[in-house]
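The following pair of complexes shares a single chain, chain A, combined with chain B in the former and chain C in the latter.
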Partner chain A sequence: MGISQGVPAEGPGARAFDAVIVGGGIIGLSVAWRASLRGLDVAVADPAPGSGASHAAAGMLAPVSEVSYTEEPLLRLGLASLARWPAFAAELEEAAGRDVDLRGEGTLDVAFGADDMAALGELAAFMDKLGLPVERLTGREARRLEPMLAPSVRGGLLAGGDSWVDPRRVTAALLAALAARGVPLLRERVTGLDVTGGEVRGVRLAPPSSSAGPGSGLRRTPAGLTGGTGDPWAAAETALGGPHGDAGGLPAGPGTAERVVRARRVVVALGAWAGVLAGVPPELVPPVRPVKGQIMRLRSAEPLLGRCVRGSVHGSSVYLVPRRDGELVVGATQEELGFDDRVTAGAVWELLRDARELVPGVTELEVADVVAGLRPGTPDNLPLIGPTALPGLHLATGHHRGGVLLAPLTAELVAGTLAGDGPEIPPACSPTRFEDIA
Partner chain B sequence: MTEDALVIAGQKFASRLIMGTGGAPSLEVLDQALAASGTELTTVAMRRLDPAQRGSVLDVLRARNIQVLPNTAGCYTAGEAVLTARLAREALGTDWVKLEVISDERTLLPDPIETFDAAERLVADGFVVLPYIGDDPALARRLEQAGCAAVMPLGAPIGSGLGIRNPHNIELIVEAAQVPVILDAGIGTASDAALAMELGCDAVLLASAVTRAQRPDLMAAAMRSAVEAGRQARQAGRIPRRRYAEASSPLTP
Partner chain C sequence: MGISQGVPAEGPGARAFDAVIVGGGIIGLSVAWRASLRGLDVAVADPAPGSGASHAAAGMLAPVSEVSYTEEPLLRLGLASLARWPAFAAELEEAAGRDVDLRGEGTLDVAFGADDMAALGELAAFMDKLGLPVERLTGREARRLEPMLAPSVRGGLLAGGDSWVDPRRVTAALLAALAARGVPLLRERVTGLDVTGGEVRGVRLAPPSSSAGPGSGLRRTPAGLTGGTGDPWAAAETALGGPHGDAGGLPAGPGTAERVVRARRVVVALGAWAGVLAGVPPELVPPVRPVKGQIMRLRSAEPLLGRCVRGSVHGSSVYLVPRRDGELVVGATQEELGFDDRVTAGAVWELLRDARELVPGVTELEVADVVAGLRPGTPDNLPLIGPTALPGLHLATGHHRGGVLLAPLTAELVAGTLAGDGPEIPPACSPTRFEDIA
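Showing the complex of A and B:
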């Protein structure tokens, strides 16, 4: 009943998964985990899980401090998912036996000059109007909370409910949790959907040796993978010999031919690459574009900050996210440069220039890594979640800057839909919402 | 009604509102704002944009049939600006460029010397050059003489929303210019745009005032009306200012 290498497993005895999740970032892995917990027989396909945007992301769970004009639907989704994070993290940590460093001390948004203070005041008024709990602080009050802030801080807003998590730890924990449940991880590049008779029948996988093509499937592992969070893949690899190990479709060794893995449903969780998957009918190609973000990780022996700090330095935004182990994440650029994922001198300079304005002490820290990730942007900055017009094709992508925040909600919605008893997909993230526009 | 088109380098535009795209929270919000503005020409920063990427801001403009005016925002030297303009010409197939060479990141004020240098080189290279400059009548005249297709003096620093800080200089530029004068930067609200047109500017370019507004589409509609109103007021001819009242109808029969 195993799927034989090199030969499409199309026969009557071939195994068909309830769903194959294409893409092993935080969204795909979360969906797979929740779907598996719902009793579904699922697999994840990704040659390098956790190496894309999830590897770059800072992990801010900050719907309140990130709120902006015109984006109230995104705020509502974010708040709904933030409310799910504590239980999601606790269950995940229990299942994986790993810590994900979920923190809930809030975000402090600070301002320096009179212009930035005025902008912060307007933001506070907008938050009040939306009924969001924020606290206005003087410069001295802000610095009592965060003594490492620059003395020139004039004031701040504390969004006390905002939280954050370490996305690299989350993907590692998800892989461990999936492995513990025996969910197969197909470490091959998906070359396309298999669509027969007007419905999705499975996915086509490239031979392992050709899995590294940039831009056409999943990205290579970033060179900067040096974080101290352990090897995220190791646990998953070892677990593939579990209950379903014989049926997971893993090849015994490198092959040369494409093969098909059958599934009744396919969930495309390819992030920025969701729009380039072959086999999707042209009218259903999700309107996702890559939005490049460059982000830096610094390291100190002791944490410099007790909560997330963000600010606008002469109109240029920067945030700092502290971890318990002394890592400090500084992010992030937003660039519309296609699939370019190069780290540039200008971005490194801008990040450090602005971070130093907020917290002068950052210049003393060690540079741990600098990476560029590609966020999946959509025309309205809202994700694409749920079934499409093609039977069997589901989407879980387009999360732009909010993939980590929206992972628990997305997983719940998609797993529920796959299990047949899910909550209704909010219209704001329906994959069909753009169809009448085009 | 007689045609009152804006003509730049021989090309006609019915709308005198030129938009920028920076600062929009999402492409959909930008799209709605552009539609409400009625613009036919919109400037796009080329330094952090891949023109080949599907679904980019360029696709938004193409879908609305809005002409793209590439700009050199973020350049500090004439050399960078010329290079950026050439890359934009190659990528977009247009020889129009909004030339922007800034002097420092705090004020984003244009560097007059680098701008003039770049303008000369780009004109010689066959570009239709629209330079962003300070409100300097002498520089505007020199750029016109150098062959620029328009001049784009600022009202106030980019993104400041401070309006037109030196209306007198804008009037001096308008009086002397034989090419279109486009008020660029500093517009905060509709009355600023109307004033620019009343001063005799041929068009207004703005971005932040719309893209960072609480309701961008509504502000875009306001700007469209303001530019039209200011243009009409300029053409209608305002009454002279008087110190004391002059009754609009005889006080005694």
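Showing the complex of A and C:
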């Protein structure tokens, strides 16, 4: 598998982790948790875990209603990961002692005009062909399921198997589960890989003084209306205890506080920032790009909806994800603007314009927050999971809009690979597919 | 003037202020500053100064463009106060060493359709009759002044004398000016008036432990997307120094930490909360009601506009107030919902919908914050300024949409009355007009 096993720890007293996971979003934390459960000695490095795309994500686990005709490999990955979510969530909730609000009432895709109805009909036929359970509904039937739907809804398609989860609760639970297992969380910025003798030996960490401030990490905290904190997990992390700097750090050299943490394997789970990590050989730099998504959280005393509702309004797709506590997530834009994570007036306006076409009552709800996140897009919309051609370098990124959905499967694949007995990485998401091209 | 002068301080060592101003919004702080400049020994009581309607206000000083045909008394008050603003701002900036961003490029009121044009024409004729300088503009002339205006703008009316200011900078400057003069700021919630022998003797303050937390004060901090702090003036207040609890406090009695601060006069400047202060005789309770306003702050690198722009869109009025630093304020809703200060999806959507009709480019701007404030409305839309029938009780509230505009005039009137040599309170805004009715 091209993995460098058994590299001894260098230097007296230096600890070498089995793996350091770079990036504490839902993917990195899931990988670390599953790897730790497999008995591996791992650490997570992130100056602000849970503050990137995972903080912005709505949490739809909707491979069926989000299917695209040309992307059956992605659908298969999604269905495989969706099947793992109930057990993953149950085990996580047990380990963390926290709820992640996993729900399975399905997604209702609604149509307004004749064109929408025709599109839903084609989608239903495609689902039938794939053997996926969907249900065609009239406008009246759709409103019977969801009374708050606009009177102009003419029909719908119910993907009963689709589910959703609260990603903020998931990352909080993962941090608690990691803390409970004693997995170190290095709240520092990784400045690069340490590669010696043609294999990965660890990661370089920025001096703590420069890793604490906003904007100093590889990832920025969500911009704009985040309710005042870009670091929602401070409480959970405190539970990890102890100075993480003691976990295997060696000074990188005199005159600088940069240090190296030794690891036999490094898993890059940096999402949209996976392509900017120093020390990765140019031909192996993962082809991820940031795809900006802006998303609003509204709030009501009682939930407005019983399931996820989505639809196409003015040619743009909008979805509404309800939580048990009355939160209603409205998402999301898709913008190709580089590492711009500003919350913009235009996006807020469009989200609200479209949401009120589906469910007019949203205008009465309180605005809780608006955030922008950067999804890691890839050329073929499939993730990059598993070992690369550089011994010791593994990827878990490129999940684009599917990071929450694909977390259990990704964690299982990467943890299995690290443990040396996992399932084979599906070729469709192996990083080597781009290495071969390059 | 019905003022109780010369009441001796009660109890050994107790200090009696000449006046305690209850409420640290732009009105209360302005009154305190002018009264202190008049040589009076005053204090301000507010658990979170500058966090109420002043924090939400856009800061338009626009008596001309905001004129209503039936409200000439309000127009006269507004013009009188506008005339005072340049000297007030200059003196405040000098005293505080801070800028308040006072600008005087005028308000451009734009029209889209024939009805709008006719309404602007009538307004212009009314202005002409009053001798107020306004200028009629064609659509082309309006766009020459403001190139970012929508192409559909058909004409406009320029009120060249209208001005605006940044209310948040004004309250910050007032706090700094008060600190420089050594005026105590009691960061405590006033629970009621202390009335003995038919005259005001001071105010009762809640125990400090219960005055620090959010929601414990008479006023709530702005809800929703306020960027994380409801207490923007902590830095300025720290400069006031010393434990404010030493400033004349006496325990109210055994078994409670409530205390009384002695004062010969109390000025109620609580804005929308002026009617809920305990200890005011029922017949003198000021008839103010909360009128909710929701307002957005957008941000760009360069200012989009050179002056205030307003217009009527879909029957609702919207205005855009530019700041030199690129901030663009979009306001505001007017809602009669009691003390509800939630930021709602519908208001955000309507503000953005209307703003982009006037200036399409607003959609590119970053959203800095959205807040809701509660204006103190009165039955006749005129403020309540000056002494009441209860000796020692003065009001400075009921300014509705004009608190920022009317601050200099209000401060002059109240400080003059407290000093005993001020100009007469205009009958139109004297509290006695409602006492007579009651």
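Keep this in mind: the second predicted complex is superposed on the first by the 386 of 438 C-alpha atoms of A that agree within 3 Å, B and C clash if a C-alpha of one lies under 4 Å from a C-alpha of the other, contacts with A are read in each partner's own complex, and residues count from 1 in each chain.
Criterion: contacts are C-beta pairs under 8 Å (C-beta built on N, C-alpha and C of every residue); 3 or more make two chains touch, one makes a residue touch a chain.
Remember, predicted model here, so these are calculated numbers, not experimental data.
With both complexes overlaid on chain A, does A:E71 touch chain B (first), chain C (second), both or neither?
So A:E71 only meets chain B here.
When the two structures are overlaid on chain A, which partner does A:P379 contact: first (chain B), second (chain C), both, or neither?
Only chain B; A:P379 stays clear of chain C.
In the superposed arrangement, which partner chain does A:L337 touch: chain B (first), chain C (second), both, or neither?
In the superposed model, A:L337 contacts chain B only, not chain C.
When both complexes are superposed, which of chain B and chain C contacts more residues belonging to chain A?
Partner touching more chain A residues in the overlay: C.
Considering only touches as defined above, state whether A:W349 meets chain B (first), chain C (second), both or neither.
A:W349 sits against chain C, while chain B stays out of touch.
May I ask you to decide whether A:G155 touches chain B, chain C, both, or neither, giving the answer as first, second, both or neither?
neither
Please indicate which partner A:P49 is in contact with in the superposed arrangement: first for chain B, second for chain C, both, or neither.
Neither chain B nor chain C is touched by A:P49.
In the complex of these two chains, what residues of chain C are touching chain A?
Its residues touching chain A are 223-229, 296, 298, 342-346, 348-349, 352-353, 355-356, 362-370.
For the complex, which residues does chain B have touching chain A?
25-29, 31, 48-50, 52-57, 105-106, 159, 212-216
Looking at the complex, which residues from chain A come into contact with chain B?
Contacts found on chain A: 68-71, 126, 275, 287-290, 314-315, 335-338, 340, 377, 379-381.
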